[in-house]
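Okay, so subunit A shows up in both of these, paired with subunit B first and subunit C after.
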Partner chain A sequence: MSAVGTWLTEPFVQPFMQRALLASLMVGVICSVVGCYVVLRGMAFLGDALAHGILPGVAVAYLLNGNLVVGALIAAVAVAVGIGLVSRSGTVREDTAIGIFFAAALSLGVLLISTIRTYATDLTHILFGNVLGVSSFDLWLTGILGVVILLVVVLLYRQLLVTSFDPVFAMTLRLRTEWLRMLLLVLLALTIVVSLQTVGVGLVVAMLVTPGATAYLLVRRLLPMMTTAAAVGAVSAVGGLYISYYANVASGAAMVLVATILFFVAFLFSPDRGVVWRWVRR
Partner chain B sequence: MIDWGEPARLDVEGISVGYGPGSPPALEDITFRVPHGSRVAVVGPNGSGKSTMFKALIGLLPLRRGRILIHGLPLGSHHDCVAYVPQREEVDWRFPVTVTDVVLMGRYGRAGWLRRFSAEDRQVAGECISRLGLESVADRPIGELSGGQQQRVFLARALAQKPHVLLMDEPFTGVDIGTQEVILQLLDELATKEVTVLVSTHDLSLAAGRFELVVILNRHLVAYGTPKQVFTPENLAGAFGGQALFLNGTVVVDRCCDRGGNAGCAGPVVGPQRNLKR
Partner chain C sequence: MTRSLVATGKAGWLRIRRGAAMDVAVCLVMCCIVTGCAGSGEGGASDAEMETGPVLAAESFLADIAQNVAGNRLTIQTLLPLGADPHGFEPTPGDVRKVAEAAVLIVNGAGFEAYLDDLLAGAGGDRMLVEASAGLKPRSGPGERDPHFWLDPVNVKTYVENIRRALATFDPEGADEYASNAATYTLELDQLDAWVKGQIQTIVPERRLLITNHDSFSYYADRYGLRVVGTVLPGASTGVAPSAQQMTRLITDIKEAGAPAIFLESGANSQLAQQIARDTGAIIVTGLYTHSTSDPDGRAPTYLDMIRYNTIAIVGALR
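Let's turn to the complex of A and B:
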């Protein structure tokens, strides 16, 4: 085998690295597709809050020796529905409601985790991910949830498109826009849970927003934006994993930084929205 | 010509509409009947409830009292028969959709949410695009269009819905003269196809000159009828109050302080002289 071939395959001889590769790829794609709506609807802050909101669920699961992903799942859906309901009445602005839930859930999570002896390591894994520790159960759960998320995005493509673009028009078509907003929150929550092991709650917002923002600079329609974002997400995830293996650095952070570099390349050199071309044309 | 004997396309019966619970109604006790295929201008000062009425007519705001009937049936009994052209600032122009994408949305009601667009859907969308002179920008993202073109895209989408009732909120605000003329010609053409059209506007001379019926709103219904019947100094003073100024039978309405900073709110509008002679 050639040197390059060895260089590429060497990391994935070990089964735990194979699981890490699969998990990263899936997370890269799922985050990026759902992230397109996060970018277009301006939900980045909400996504970040949701991510931190799952901390208490993870902590409780940990304390009870349950599965972390299942605990996160329950907490994430609870926080998503909570923010949705509190801001729905209109008495509290949505970003205020998010701020309140975000900080409260983070505090509760830290409080619970601080009762554990191995506090620092565990918190680091939850905050920044530990893709090397993915079990085959986690992999299955990621796969199943990922298929469900992508299926909903595909089947409700027109509804989600029209309600994000022009909610008033959506209502004249008798679409339940409030219901769709809640659904999108739940999809976002599921996506975050899926990403927990790979990039952690602290970095998931980057995987949600950055590939979508990169794709937005490159294409002009929603469907190509989703596929381009998925490609950017997948490349970032795999690229980050290689960097993590060869440079011996944290994998989640490496993935996010690869995505960020891709974003800046698009920001500067995108054929019609890039800063450099605009500057050259002027 | 208006045939009052035909079953009315749109009946508004004593509706009151408000925003939050406990807030005073934005519209109170509005009653009027629009016959088949007529063109109606809705005028009134800023904050008089023009947009509120349109939102009530598409079922966006719940009615506190009264009812809205279309072809004698309550709102919501028909699918897709009321089309609404939003004000330009209600739309997210950075969204990654092309002109064709937006116009095809007008076919969602017929195509359904999952099926592919039929050849007919695409043909109708194409016709609506060319009817509004948008062929050259059909594949462009909507964010790259001029204000007038953007307004026409949403009109094309409404046309693609093949509506019976078409509602347009301030379509003439901030558009070029060419677009204004395209829209007005389209309204005339729709009238021959018995599509009922309601248009809100600030331009009283346009309302008097190009529409068969005029609704003057100021939270209440100030007047409803032909331009000749409704544009009296009493009605205009009743609706516009201090904003209206009468000079030798000409009415000047001050609309400089436009709500929400709409583009194109420059200077006073001079109302129609011929209708104002006592």
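Let's turn to the complex of A and C:
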């Protein structure tokens, strides 16, 4: 095999790296597709809030000896639904509701964790993520939830599209906009939990927002934007894993930084909206 | 009195959380509160001394060693709850108060109590600080100092001497008693050392291989002729995760050496170890006591029991 070939395959000789590759590819694609809505509807803050909102669920699951991912799932959906319900009638703005729920959930989580005085390594694990420790169960869970998320995005493509871009038109079509908004919140919650094992709470927002934002600079329509974002997400995941292997650095952070570099390349050189071309044309 | 009740109640709670049956938890906690009190005076201290003891030891195994030196004259209290990971320990206001009230604080030293400086600054005041491992030479290795001296019983003889000297300074009237207690306990340590040696001898030399969660068994391995093939977490602390390269190297090393088992301390996260075991065919042995004794009715309520339990687990997996 050629030197380049060896260089490319060497990291994935070990089964744990194969699992890591599969997990980060799935997460890269799922995050990026859902992330398109996050970028278009300005839900980045919500993504961050949900990522932190999982904390009490994780703590309770740990205290009850349950599965941490399931705990995170329940908490994230609860926070999502809570934000959705409180901001429903419009008396409380959505970002205000996010601020309230996000801080409350985070505090509850910290409070619960402070009662745990034995090893809390499990908890730091879920907060910071470790793609190297991904088990087959995690892969299955990511895979199944990923398929569910992508299926919903595909099946409700038209409805979600209309409510996102033209709420007034959506009303005249008698679409249940509130219901769709809630659904999107739940989708986001699922995506975040799925990604936690791989990139951790701190970086999950970056995987949600950055590929979508990159794609938005390159294409106009939603469908191409989703596929472009998925490609950016996948390239970031695989590239990050290589960098992590060869430079001996944390894998989640490497993935996010690759995505960030791709974003800046698009920001500067995008055919339509690139800063450099605009400057040249002037 | 109330204080010790709270402390034992908590210990029971921690133990239960590791078990699965939550519905019986409340009942068990109650049992521990009722029965645990009687069993908590490890060295047989009288009830009159159960109020805030003037001597505090950071970890439970240190408290047990110190209690053996103190005999019936003093009650040694423990700062860290049973089962807590000293590497990641963060003191609560109650812990700061315990330290503030203590006249003597015994620590392992060698950087093991990373929280110590902040804790002492928070507690203020003056107290005698005893570094039990003082005088022991950290094993030369790459990177940080390895503070896990105590897993080698021969090193603990130095602990005993340091503690004896401190207690004799603190309470000169008891000096003779402390000296005789220390001599008795040192004898027990010698017996333990001889027993472990005999146990390890029963493992064929090619299989005297350890893989541990973090680098904690080096002194033990050095003493008894075992080789640490690698550790799941790089370094002597539990607070770091391995990189992809380190995991790959570990898996290769395990396969090359043919190491049969990965040993995890009680409470350790087995997620990475499970994936490594899966990829190498090694078995996982959990529940080794490295940083804490068990609760009084557990499998390793004293320091001597910890070493015995670990040795039996290691021999059982490697033989």
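The rule is simple: the second predicted complex is superposed on the first by the 271 of 282 C-alpha atoms of A that agree within 3 Å, B and C clash if a C-alpha of one lies under 4 Å from a C-alpha of the other, contacts with A are read in each partner's own complex, and residues count from 1 in each chain.
As a working rule, a residue touches a chain if its C-beta (ideal position, glycine included) is under 8 Å from a C-beta of that chain, and two chains touch if they have at least 3 such contacts.
Model, not experiment: these values are computed from the prediction.
Which partner chains sit in contact with A:Arg282 here, subunit B, subunit C, both or neither? Use first/second/both/neither.
Touch status of A:Arg282: no partner.
Between subunit B (first) and subunit C (second), which does A:Leu156 come into contact with in this model arrangement: first, second, both, or neither?
first
Touch check for A:Leu40: first (subunit B), second (subunit C), both, or neither?
The answer is first: A:Leu40 touches subunit B but not subunit C.
Examine A:Met225 and indicate which partner it touches, taking first as subunit B and second as subunit C; both and neither are also allowed.
The answer is first: A:Met225 touches subunit B but not subunit C.
Compare subunit B and subunit C by how many residues of subunit A each one touches, and report the one with more.
Touching more of subunit A: C.
Between subunit B and subunit C, whom does A:Tyr216 touch in the aligned arrangement: first, second, both, or neither?
First partner only.
Answer with first, second, both or neither: which of subunit B and subunit C does A:Asp166 touch in the superposed model?
After superposition on chain A, A:Asp166 lies in contact with subunit B alone.
Is A:Arg174 contacted by the first partner subunit B, the second partner subunit C, both or neither?
first
List the residues of subunit A that touch subunit B in one complex and subunit C in the other.
Looking at subunit A, the two contact sets are disjoint.
Can you list the subunit B residues touching subunit A in their complex?
Touch residues, subunit B against subunit A: 20, 55, 58-60, 76, 79-80, 82-84, 86, 90-92, 95-98, 101, 105, 108-109, 113-114, 141, 157.
For subunit A, which residues count as touching subunit C in their complex?
Residue list for subunit A touching subunit C: 11, 13-17, 19-20, 63-65, 114, 117-122, 124-125, 128, 130, 132-135, 241, 244-246, 248-251.
In the complex of these two chains, what residues of subunit C are touching subunit A?
Residue list for subunit C touching subunit A: 10, 14, 17-20, 22, 81, 83-85, 88, 92, 238, 241-248, 251, 267-269, 271-272, 274-276, 278-279.
Touching subunit B in the complex: which residues of subunit A?
For this pair, the touching residues of subunit A are 40, 90, 155-156, 158-159, 161-162, 164-166, 168-169, 171-174, 216, 219-222, 225.
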